[in-house]
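The following block contains the structure, expressed as structure tokens.
Letters are used for the chains, namely A, B and C, taken in the order the chains are written, and counting of residues starts over at 1 for each.
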Amino acid sequence: MLDLWPQILFWILAVVTVVSSVAVVVAQNVVRAAVWLLFALAGTAGLFFLMGADFVGATQLLIYVGGTLVLVVFGVMLTARGPFVRMETHSAEWTLAAVVGLALFGLLAGSILAASWPEKGSLGPAELNATSSRTSLDLGLAFLGIPPQRAGGVETTAGHDPANIGYLLPFEIVSVHLLVVLIGAAYLARSKRRRARGV
Amino acid sequence: MGITHPSWPVSLYVAAWLLPLASFVVLVIGGRRWGRVGGWIALGAITGSFLISAYGFWLYAHEASGLFAPRAAHHEAAAHAGGAGSEAAAPDAGAAVHAEPAALVWRDSLPWIQIGKLSIRIGFLVDNLSATMFLMVTFVASLIHLYSYGYMHEELHEPVHDPRAVPPGQPPLHRRGRFTRFFSYMSLFCFSMLGLVIADNIFMVFMFWELVGICSYLLIGFYYERPSAAVAANKAFITNRVGDAGMIVGLMILWTTLGTFNFDEIAAKLHAPDPQLTGALLTVAGIAIFAGCVGKSAQFPLHVWLPDAMEGPTPVSALIHAATMVAAGVYLVGRFYFLFSPTALLVIAYTGGITLFMAGSIALVMTDIKRVLAYSTVSQLGYMMLGLGVGGWAAGLFHLLTHACFKALLFLGSGSVIHGTGTQEMPQMGGLFRKMPITAITMLIGVLAISGIPWFSGYYSKDAIIAQAMFFYQEHPEHILLFVLPVVGAAITAFYMFRLFFLTFTGKPRDHQVYEHAHESPPVMWIPLVALAIPSMIAGYGEPPFIERALTYRVPVPLAHPAPGVHEAAGLIALGVVVFGILMSVLFYYARLLSAAEMARQFPRLHQFLIHKWRFDDLYEAVLVRPVLVLSAACRRFDAGVIDRLVDGAARAVVGVSRWDGWFDFRVIDGAVNVVGDWVYAIGYQLRRAQTGRLRQYVMFLVAASLGLVALFWSLGVTGVSRLIIR
Amino acid sequence: MQHPVASLPTILLIAAIMFVCGAVCMATKRNAVGILIGAELVLNASNLNFVAFAYLTPFGIDGQVFALFGIVLPAAEAAIALAIILNFYNNHMTVDVDRATELKD
């Protein structure tokens, strides 16, 4: 019974995520949509944990749920003036969007089901063990170009190749990117009146 | 010519040669700014040349000590040297008398042009002839520069009025003074003339020959605003071209047959046992070279330019058209004497004879004082040519040197008269003796010298020529004309020269305005007159005359000297006809017992014939100028009728093609481009409608497009889209 | 040996639902913040796909690295988008994207 907990948890989280996503679309009030988004993102983070990606899941919680969503909520609050909180959309548009969305879903689902996915073979899934989880270490090693040394893991390279610097460079680029974005956002968000006063 | 000499005497002469060039350069660079200093620069340069050449001449005489030795020794030397060509020895001053007697020659040369076989050197040759000529040229040129300083003084005043540059009745032309320019031309001329004298090859001589021609052109046309001066300058230049064409033919014959331009080498090759140039070709070469001399020395039939050249300033007439440049032709004949075959010499003699008689007869009736002197110059040059032609090498060149002195004197005197009276017409003068005594006396000396009165230089030189002609007549009786012409010419010369003197200086003043205006010239002008009068008197002294000795000392040209008796006889005959000529002149123009006007009435045709200068200008006009003009007109018509029309037609055709091309461009090319542009614009305009600017529609488009893409893949039969996406 | 919590197609289908919801959200919301929310949903769906591939395919940990980028980049995007929205709001006093048509012409 204990073995089934991950599956049960998975399905609970999957339902939460899907329902919240649909609620985001359906919600007319943008504040509510934001709250539904919070649930959807949190559910996804839970799914990440279940799939052995504990570091990514933590990052999702920290950045997405804790950062981005707060930004969105701030945006909602700064722009939420009576008429804009609820902006009705024509039903014709709704219909059109629904048809197109369903068609897209049909396409994606068809593709997913039609594809023959590569099997992981005899490999077992990563253990869901927070204390002994090694994904943080694996990720860090991967950033440094050292492939994971998990038993039975598919080794693309034997040992450490000095020329293989891994994901360190992209990581640094992303860091700088974030910095640039923060500065740019701060610049864009500056109020003109304040700037005029400053000058 | 293997003998090397210490080249420093040559360097001396080269320095004397280059001084006027330096003056020319300085004057050209400084230009008008020099003012009157320009005159001093040119004068200083040519005087320096004179002093250096005097020293050089003294050195030459010293080194060839015995230059003034008795004639007997000289004869012997000439006989010996005759076969030896011009191989020059370098005799020591002491050993000269006893050693192999040959002419002393200083030479030096630098390589200049080397093209294939053609090797031309800048060479200098100082022998008896060039040393003497050099001295004469620098002497006369120095005095004439000094004279010009006074004569050209009005060019210093700004602006200069030139009433003769415009038709009568109009206000005179005002222009800037050209004092410095005059002296720069004079310096250039001196440089060219001296280069002509000391060049050791015919190529350089030809070069300087043309340079003096250019200077002559520039100086004749000095008052180029006057139409007559401009025409005269052109006439002089073009007439000289005719002679120079012949000279070039001569040069080509020499080059192709002998392969050298050097005088010494040509002489050596001609005297070689088996010369390459003989017979008719040698005669032709001589006559061709002589053609150049005919042009330069204004001999019949190319004499027409010299009287017109009197349009230049009088010092120019004295220096270039009396003393030096026109004598260059005679000089070249003398320098190239070994080239002329007996036939060529006969041609030279007859040319000179005809010239001297014709020019003298024209001088009889001229009233312009400078024109009388000009025809006199032509006539005297004819004497020189005749003297050379009948074998009197020394006689001809002797006359050249004495003539340079007294003709320069006469021209400067006439310039002084013109300067004092303001006119050139002798009928307006008269009685000027009292007004301008120095001019009158010095000119009288010149007149006596040219007429051939004993104790004046002209007597001795002309006597030498007539004696030579008489000797020639005795040997070749068929050529009696060559003896008669100079004798008659002597009488004519005496007649017209005394006519000039009487008309100008004696009798009653015929034009009182001119007479009142007349005044003696300033010292700067009469000092040269006096200085030239002295050699005009004494240049013929000596037994034999020292100039003749200077010319002939040990010169290896075979000379045929007349017997002593011939000399006396010729002298007596010449003196007789000269006295007759003077007597006639006195009767006509001093005593007024005979009337020249009466004579003119009695022989109107002869008078007109002489007044019109034997109608040479008319003849040339009819034979040469008119046909050329007719031909030119025909060419012009051809040009206008055929060539122009062809060109116009071609142009019109091009315009037509261009117009059609323009239409094609506009309609077809532009049209095609425009159509494409219009299509693009229309498509763009339609596509632009898709840009609704609505964000949400864009999202829909994105989704719909991805759906459409997949549908497209399916319809094209691409299966396994998912696999495609994953792998 | 544990079984995977779900098969790969199951997870991909969940992600597909999220993706379609995000797309429809972008297509229907007139509020600019609503569109941003839709975009976050789409990106989140793709992250879910990456992690699923890392979990159930032999490609190793690379999927998780991509997912990290997929988290960080939308964060940056959200910051920029909100700044733009705020400026737009300051200039037009509205957040209706249907009114933002200046770039059309």
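The rule we apply is simple: a contact is a pair of C-beta atoms (placed from the backbone, for glycine too) under 8 Å apart; a residue touches a chain by one contact, two chains touch by 3 or more.
Being a predicted model, the structure only gives us computed values, none of them experimental.
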*Have a look at A-B versus A-C and report the one with more C-beta pairs in contact.*
A-C
_Farthest chain from chain A, going by the mean of C-alpha atoms per chain?_
B
_Please tell me the distance, in whole Å, between the geometric centres of chain A and chain B computed from their C-alpha atoms._
110
*asked:* Could you work out how far the Cα centre of chain A sits from that of chain C, in whole Å?
replied: 7
*Which residue numbers or ranges of chain C touch two or more of the other chains?*
23, 27-30, 38
*Could you list the positions in chain A whose residues touch two or more of the other chains?*
93, 96-97, 100-101, 104, 112, 117
*When you check chain B against every other chain, which residues touch at least two of them?*
696, 700, 703
*Report the residues of chain C in contact with chain B in the complex, numbered from low to high.*
23, 26-30, 35, 38, 97-98, 100-104
_Contacting residues of chain B [partner chain C, same complex]_ = 691-696, 699-700, 702-703
*Sort out for me which residues of chain C touch chain A in the complex.*
1-6, 8-14, 16-25, 27-34, 36-38, 40-41, 44, 47-48, 51-52, 54-62, 64-65, 67-69, 71-80, 82-87, 89-90, 94-96
*Would you pull the chain A residues touching chain B in the complex into a rising list?*
93, 96-97, 100-101, 103-104, 107, 111-112, 114-117
*In the complex, chain B residues that touch chain A*: 696, 700, 703-704, 706-707, 710, 720-723, 725-726
